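Think of it as A, B, C and D in the order they're written, each chain with its own count starting at 1.
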Amino acid sequence: MLRTEEMLLNMGPQHPSTHGVLRLVIKIDGEIIREVDPVVGYLHRGTEKLAEDLTYTQIIPYTDRLDYVSAMTNNYAVVHATELLMGLEIPERADYLRMITMELNRVASHLVWVGTFLLDLGAMSPFLYCFKDRETILNLFNELCGARLTYNYMRVGGVKWDAPDGWLQKVEEFVRYMQKELNTYHDLISGNDIFLQRTRGIGVYTKEQALSYALSGSNLRVTGIPWDLRQHQSYSLYHQFQFEIPVGEIGDVLDKYHLRMQEIAESLKIVKQVLDVIKEGPIMGKVPKVLRVPEGEVYAGVESPRGELGCHIVSNGKNKPWRLKFRRPSFYNLQILPVLLKGENISNLVAILGGIDIILGEVDG
Amino acid sequence: MSDQEKKQERELITETKPANAMGEGTVKNESSNGEQGVQKSDAPSQEVTGDGSEPVSKEQDTQMSVKTLSGQAEEAVTKPQAASVPPRKPAATPRPVAKKPVEDKPLEPSRKQPWLDKFVVKLKDLEGSEHLEDAFINRANLDLPTLVIKGEWWRFLALHLRNHSDCQFHYVQNFSSVDYETHLEVVVHLFSFPHKERLGVRIKVDRTEAKADSVADIWDAANWNEREAYDLMGITFEGHPDLRRIMLTDQWVGHPLRKDYVPYDEGV
Amino acid sequence: MFGLVKGLGVTLKNMTKPKVTYNYPAEPIPVPDRFRGIQHFDAEKCIVCNQCALVCPTDCITLTGKRNPDPEKKGKVIEVYDINFEICILCDLCTEVCPTEAIVMTNNFELATYSRDDLFKSMQWLHDNNQNIRQENMSSKPPGATGRANK
Amino acid sequence: MDLFFYLGPIILMLLLLGFVTYAILFERKVIGWIQNRPGPNQVGPWGLFQTIADVAKLLLKEDIVPGKADRSLFKLAPVIAFVPAFAVLAVIPFTDSWQFGDFAVGLLYYIAISSITIIGILTGAWASNNKYSLLGGMRSAAQMISYEIPLVLSVIGIVMTTGSLDLNDIVLAQKKVWFIVPQFLAFLIFFIASLAELNRTPFDLPEAESELVAGYHVEYTGFRFAFFMLAEYVYVFAMASLTTCLFLGGWLPLFGLTMIPGILWFLLKFSLVVFSLFWIRATMPRLRVDQLMQFAWKVLLPLSLLNIFLTAIFKEIPVLSSFY
């Protein structure tokens, strides 16, 4: 009998596939993982503490930096919670613009996911193709609000910029292009046997586990629970539009891939529908110059590409929040990782971790 | 989840829409919670101590939160408008009344009020039963039913909320903690998939000796969140399997989200 | 197996597609008008209302004013106006609140230097940064203003 | 003749360095084109000096030996990895006259010598005293030993047909038809197994940058790292040459176009093989360790045995026997 020994391997904080500065302390026996302890916090910037000293408008640029691949949704989460607390009326056009940007951002975010996930699995080109298409979205955002990543686009009561001339047409062109382009992705990735082999049947968890770990977004839907805040807590004007909530069957990483691809398609569908009904109008509601939010407490969740992005605001009637807490979906979703990784090997670790889709800026707040 | 349940979920869509409209439409919300939390935290706790000594049968009436209602839970359900009482009244601190003149007409009772009243009654039937400090509807937050729980009962109630067939709050939507300067509060937003109900739970925690029971074994999601609350807010969760700092380094001094936090300076 | 061949087909087809990369820095990168670049500051327009410094989320703006040297005129004139680009996040809020458009965004974004000290930009430097000034500043009025019609 | 005997290898070495330089550039260019970008284009016209700049950088870098590493083995490993890669080139017939060691067991020599590389990799992985490199080394050893078997077995069909292990004879036996046609199954197996032997995508598990950071050479820098890279690309060169000789008819012209010199034909076919290596690298994700091993033992090995079996049968069938 050969004497074997478990060894401790520090994966990260600098590692190509931990998507940032996540550190996984893994105990491995050969390549088989016995125990995982995720160490987070390397990117902790204390956004919640900073927010206590910032006015509601000033918080918005900080939210850009939480989940930096879908900053629009972050903008919206804090703006939405503030508006709820203030009881503000949002002009229709502003809401539509918000929805267009959020859905485009979801597409962009999922594209990043598909790309980096395939990169984790060792395929290079899909990554570049995804970024190429994402680039179009970023350029659209750049035209709209002057930045490619940190948009700072939404304001309490509306949005900062109206769509520039011809912007909506460009969005429509992109939607049409992207709907076709999705087939290319399926040709390239979905049928690839190696990809299927790598992702099929790994990282499976039950509905009960998913609920207990409070997973959200695709990570919850993949278990077959059709839970989407866009429909079920119906913020913004999502109830006006038709879209499906794709759910998974088995709940493995392959399901997550298909689910997110479908979500891209659904998001494009929403954008298309919004483009059909969007009308001229004001983009800012009646908002006092100095935002004083009435005393109270509010928790509002929105469906970010990664799951339920919530914002818990406690206000004491001043122009700054007394306490602001983000429910950061990546943080919740990452918690299940040690359970999923027990007994897997290192290659699967990369695939499973990639499947969860974390953004370290969001995990660490 | 069965198909039937899925359907129920779909139904929820229609259910929540009006709520959304209301949340934005009505000009808010007395939001006694904030006030009570920030300024009036002493009062409830005093009354709480009174409650403990009351006979069990009377407890419901003497509970601070339901006191004004004095057993009107049923009434509130049957004739809310006729009473022309602000719906929050049952749970109210005096503040909403003070705000009343501002409003042209009294607010309609929240659609969640009947549900909450029933729910509270059921909770009170549990053994011990002095666990609730307050129960009200947070109108600003899309009529979120909110319970204020005494710290020592948190674990007991958490188990109940998680497991009892009437509750089944399997899902932690949010796990937050707030420093009200007079006391700390752990705020948990729960969601029940079978019943499609949201519930806000607030647990009061003493500030100097910040301790609360851990619920990490009840909801797995609470594990890291409790670590985060411990790290940043300095609440010790007793019974937590692995209570370490999560965001900051292990050598960090102090808990940054406390309002009186001053960065530790080695030179000083 | 067929899937693999299909994938190879996709990559082969992409070989002939046009290249999408920019030849930066050999060719300047085209940015839209709304692009948030380094601010341009016009001292004459400034009324020392301090709003930009107040709204700045990172406190990177330092400004002081002095009494107007012309005794007949009221108000203050700007004396010192610095932006620390080590911490400026180009969030656009300062230009949003400025009532006189004294501070506006430009489309310049190249800030790289060999020393951090160089990132501390003085009023003069900001004033001289007057190329590619953003045209569309008025639509960024503070909350409350109704939106510009979309033509 | 004597002069050639001594100078030849040096010339070959220089040619090889030239090949490696431009193979790397070519690879980056191809992958660039596939990914809608131009690839390296800053150093020199069309990026021609990119690799030279890279190599210069590597050579100028500090030579770091990790403190806890086994110093002598650490220094020895790149050499062990490189020498066999270069030595196998001796038997490759580039044309009918261009061959350094023409001996009767050329194929056997190639396969025997090439196996030594694994010792170099394993030594380097072990000596680095790094967990990632150790894992990479373990993977590498398992993989290269496993895939050697189907690789060799797939060639047996050809050996049976030609009745010789001499690569010259094998090339000449393809005058009528290239072995890729009658031995297509063997070609597939050989190609896949050679991908695995070369540690190239989709079998690049030993390096697997997204899992093991850089695998066995994670601790190597500068000059020694360059040696590993060199060994890798020399192997690409050798393997592509071998594939050309075994299945694509070596220097033999196509369609009787004999006015084009044999060396050009060889280069053409050889480039085709190299291109497909790069092409596959740009497309495929990476296999998993257990799948990799299963694939070798459960798919490739039975298939290659089947191939031998079929070849033996076809040899006896009158119509087909002319091909076998």
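Note that a residue touches a chain if its C-beta (ideal position, glycine included) is under 8 Å from a C-beta of that chain, and two chains touch if they have at least 3 such contacts.
Quick caveat: nothing in here was measured; it's all calculated off a predicted structure.
Q: What pair of chains has the most C-beta pairs in contact?
A: Counting C-beta pairs in contact for each chain pair, the top pair is A-B.
Q: Report the chain whose CA-based centre is farthest from the CA-based centre of chain A.
A: So the farthest one, by centre of C-alpha atoms, is D.
Q: Could you state the distance in Å from the CA-based centre of chain C to that of chain D?
A: The mean C-alpha positions of chain C and chain D differ by 53 Å.
Q: How far is the middle of chain A from the middle of chain C, if each middle is the mean of its Cα atoms, in Å?
A: One centre to the other, that is 27 Å.
Q: Roughly how far is chain B from chain C, going centre to centre by Cα mean, in whole Å?
A: Measuring from centre to centre gives 44 Å for this pair.
Q: Report the inter-centroid distance (CA atoms only) between chain B and chain D in whole Å.
A: 67
Q: Please output the residue numbers of chain B that touch at least 2 other chains, ranges allowed.
A: In chain B, no residue touches at least two other chains, as defined above.
Q: Could you list which residues of chain C touch at least two other chains?
A: 4, 7, 10-11, 14, 20
Q: Give me the residue numbers in chain D that touch at least two other chains, ranges are fine.
A: Counting only residues that touch two or more other chains, chain D contributes 34-37, 282-284.
Q: Kindly provide every pair of chains that touch.
A: By the stated definition, chains touch in these pairs: A-B, A-C, A-D, C-D.
Q: Given the complex with chain D, which residues does chain C contribute to the contact?
A: 4, 7-8, 10-12, 14-15, 17-21
Q: Which stretch or stretches of chain B touch chain A in the complex?
A: 1, 6, 9-10, 12-13, 16-17, 20, 23-29, 31, 33-35, 37-38, 138, 140-142, 144, 170-179, 187, 189, 193, 200, 219-221, 223-224, 228, 232, 245-249, 256-257, 261
Q: Show me the residue ranges of chain A that touch chain B in the complex, using the header's touch definition.
A: Checking each residue of chain A against chain B gives 40-41, 44, 46, 48-49, 83-90, 207-209, 211-214, 224-227, 231-235, 239, 294-301, 308, 310, 312, 314-317, 322-323, 325, 327, 331-332, 334-336, 364-365.
Q: Report the residues of chain A in contact with chain D in the complex, numbered from low to high.
A: 7, 9, 15-17, 30-31, 118-125, 128-129, 132, 188, 192, 194-195, 197-198, 345-350
Q: In the complex, go through chain C and note every residue touching chain A.
A: Touch residues, chain C against chain A: 1-4, 6-7, 9-11, 14, 20, 31-36, 55-57, 89-93, 96, 105, 134, 136, 139-140, 142-151.
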